[in-house]
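Below are two complexes that have subunit A in common, paired first with subunit B and then with subunit C.
And then the complex of A and B:
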């Protein structure tokens, strides 16, 4: 059974899915129902064999996430006042400053969390959403992994927002130095939340449907 | 590691009660008892379906209760202390939350409060409410199904561990500017994160849903 599965991995093969059997599986708890059921008997969540609006929601949240990511990079994230002098730091500016201070590891963490992960997520979600429609270069298992990574990693982008919150709370030494949050903190937080919702709207079952679409 | 098998082939009329559909790829499996300690994966996409463990419920309940207590102390004790030029500034977790409360960024205050305090609390409380009776072998509490749905929905949004990494980054950013010391709340919060990660590792969603359903019937 196992070896058989391995040989056929990724190839079009006869896999009996709930939809093919005329049933509906719950994405929350795995319970199987007749296709007429709308609410899961075990966990009470709404069920549908496939949600026809799943991709629409993915694209809508993704667009919103990308749009608010732009002001997050233009406007200041941190407004620092040291001895009467005010300086403003954007996301990338903060990374560069950390780098100049010699804190390379921290600079890297912030850069990955606030630039690499968000942009990587935009691309990954867009790719997943496009690839369920057309022939995919990456096999089902690869895209399943990609989806799991995107779902797992999204929340870690919030690091920079928390850094701003802690610095603003901590550094209020009237004369010597004060740190205040900039407007970019809000739009960056929104961007992270929107992309998380986008990834959450994606139905991973769509990845696998392509392998059995011909005879349904 | 075992792999659940597909249901027997000629497709007779299936009884949905005897099947499990993989939440990730929709492949059907025959629902059979998985021994404690074993892990059952989907035969097509490899997603972990069932991983029951001996005494998992009691462990999760204990960890959730610990997390609840730790969170309380993390909120009220001093979190970080900053001293520069003879001035000392003490901040609690609440101060960090209130950092955005001036002017245009007020909504962000609510968001941060939700992400690092409220949602983790909701998650611990609902888990206790749902799994407490189950761990004692009793019938599930009223509305346990809805409560566990809430616990599952808050999972990605409870960001205590992300906050801790944020604290570390912030500390390094200002380490040149002033002298810093960590308060008891900081250590409570670090412990909280460890406990949370441990708890989430013990949890097997599908097993808990199945147990809830069985206990409701009996």
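And then the complex of A and C:
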């Protein structure tokens, strides 16, 4: 990919890109091929200088993620039965309840993990996908960083789902207390998965094409 | 750094055809959308119907948490708790599952289930932790569209869907009937009673009773209900009987029923049954049961009705036909001013009086009205010898002043009553013994003893001692007479008599008359154990006397002396026996024993003793009666004997010492006979006086 990042930092226009050099790197194993190559000689994965369907997939996964994120917030995440008394909590409802109970830190963590991060991811991915065509606003390096953060942080949103899964598995004490996952748990897990796929579908090389296009 | 040689690169823009560029990935968001919509639609369609339940209070009900259950399955949840506009009631808005809501009829019942601990049961314990819930009970009816309901304050006794029969039970009081108390059939709980309430007239308590199917088929007209509350101890001929119901009915009361004979007709819902105090009286009621179609009457009494209680039997020609259901005093206006009269309300069973089983009130009243025309009156009577309890007798009283069955507009028809003198208990019981004491038994015995004394006096008299010599000369004369032809012609019987007389005279001469008498007294057999056997022997004595008299008439002195001696022997044997002498003390002792038993009874002694005493008293009375049957005959014979004897003695001639003594003895005997006759008449006139004392 970037052969000499350090030297070229801040001077993107002057860099000779692989594409211009007629080379293509395998995104899987990193081996550099000739542009004409379709399949990586080392690992056998498909290679292309630019993924022509990348943006489509980003948008599709993003849409799916947003769609399932709606029931994830409307329906209850946890169905807790304590001494025959059943209570259902949606994500935001749970946060508010925790807040009312004075557990501000926990409420904050849940809020960030379940609301801020997913929504931030939606926005970030949408921005990246939209901004592929334009060179303005955030510079290439910033966008590259944003992409990396989104890629990295996406999996942590699954914490919520794991908590629900573990609670459901452990707290099955019949009458005393029972925790069951609600519809929202599945929706949220899907939403996270879809956004991760969406982020993964994004071809970061597209970020730089805008600058090249400017050059041309 | 060497510049890499740029390779040929086909740099071209992606194809612009939108459709051809369309990726299959787009199926994913479409699928997600469809899925989300499906979920949304499903939850919307399952959202259920909103119903409103109004309650007097909503204690424990929390919006969003309190569930609504049907057969203990959650079918809905309370969404909102609000008031009616005038704040008089609480209105709960609840979402009910659509499937359930579609079957909700208007009469569906809702009530709040709270933890409840009563003597009878502990219920709703789960709600201690989970909070209260609202239980619904209804009979699912398709097309039900009711959405507004009145909630109940308490759980109903029976669910709407429960099959069974409602009957009404009439009880004397509601003391031991608590709502929800169980109804037992052979110890199995088959139903419950509702809250008891007073009847319209206020003289009984009626309580609705639900008998669940299939047990309601055991209800027939032959069914009797009784109270099983608590335990009962009864003392009877079979010993002490302790009956304890089940624990629940011990605490909360309960009633049981049984079908006591076969052949009862099935009952319809709403039939009325009487509640009996215990199983025994329920079973006894069969003999003259107070059926479900009992007719009520009032009976007014002038005097005291002490001893008459609610439940006292009404007897009609000795048959129990009903019982007293209430007693009250009231004021009446008479010509002399106000008077307090006592009014007993009685329930009469038409069936027990011989009317058809389906006789209505009118029919029964008409029947009694005609009976009253014919002289039927109500009167008080003692229940039995040993209690001061009273019963009401419906008896035909021909000499009663004419009266008719009163039919007031308000209240029950009034049966006319007559006043009777009621001996109280002590008078009744003691009267019996007084009468027994007053019987001239002792007098009779005294008379007999004095007869004995007279006879002894005769026997010991100088004249009697001188008799043998006189007799010898008499016999000498007689021998001459016998030698005569006339005497030869006499029957052999007379010869034998003379031989016997000679033997007697010889014996008299050998031992002396007194010794003979004394030994006769000493050797008397123990034949007479009581008056009965004694009287059996009396006719034999009379036969002897008669034979004596006959012989004396025929023969004269010789035979007389011998026969007289024998008679005296027999009389002595009879009267002088230890048994006969012991009779009066024995009677007195028996009376003492009866009295002792009676006092023991008064102190709450065993009924068994009473029964035994009654039996023995009755046996004694029977024996006395038996004995007295022979008494008139005895006195008649004695009279005849005396008449004959007197004739004989007069014919004997001279006014000797012996004559005078014998006459005195005969007078004594006559006095004895009169006494016996008196006793016999007294007993004959009123044989029952010995037993019942009235």
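We adopt the following convention: the second predicted complex is superposed on the first by the 200 of 216 C-alpha atoms of A that agree within 3 Å, B and C clash if a C-alpha of one lies under 4 Å from a C-alpha of the other, contacts with A are read in each partner's own complex, and residues count from 1 in each chain.
Keep this in mind: contacts are C-beta pairs under 8 Å (C-beta built on N, C-alpha and C of every residue); 3 or more make two chains touch, one makes a residue touch a chain.
Small disclaimer: the values here were computed from a predicted structure and weren't measured.
With both structures placed on the common chain, the touch criterion links A:166 to subunit B but leaves subunit C unconnected. By the touch criterion defined above, A:34 lies against subunit B and subunit C together after alignment on the C-alpha atoms of chain A.
When the two complexes are overlaid on their common chain A, residue A:156 makes contact with subunit B while staying clear of subunit C. Contacts of A:141 after superposition: subunit B is touched, whereas subunit C is not reached. In the superposed pair of complexes, A:96 makes contact with neither subunit B nor subunit C. Shared-chain residue A:119: touches no atom of subunit B or subunit C. With both structures placed on the common chain, the touch criterion links A:67 to subunit C but leaves subunit B unconnected. By the touch criterion defined above, A:21 reaches both subunit B and subunit C. Of the two partner chains placed around the shared chain by superposition, subunit B and subunit C are both touched by A:183. Of the two partners subunit B and subunit C, more residues of subunit A are touched by B.
Residues 16, 19, 21, 23, 34, 183 of subunit A lie in contact with subunit B in one complex and with subunit C in the other.
Residues of subunit A that touch subunit B in their complex: 1-2, 5, 15-19, 21, 23-34, 41-45, 98, 101, 103, 106, 109-110, 140-141, 144, 151, 154-156, 158-173, 176-177, 180-181, 183, 185-186, 189, 193, 196, 200, 204-205, 207-209. The touching residues of subunit B, counted against subunit A in their complex, run 3, 5-7, 9, 11, 14, 16-17, 19-28, 43-47, 49, 80, 82, 84-85, 87, 89, 91, 95-100, 102, 104-105, 107-108, 111-112, 115-116, 145-146, 148-149, 152, 156-157, 159, 162-163, 165-170, 172-174, 176-178, 205-206, 209-210, 212-213.
Residues 16, 19-23, 34-36, 49-50, 52-53, 56-57, 60-61, 63-65, 67-68, 70-71, 75, 83-87, 183, 187, 190, 194, 201 of subunit A are the ones touching subunit C in the complex. By the touch criterion stated above, subunit C contacts subunit A in their complex at residues 3-4, 6-11, 14-15, 21-23, 25-26, 28-29, 31-33, 35-36, 39-40, 43, 65, 67, 126, 129-131.
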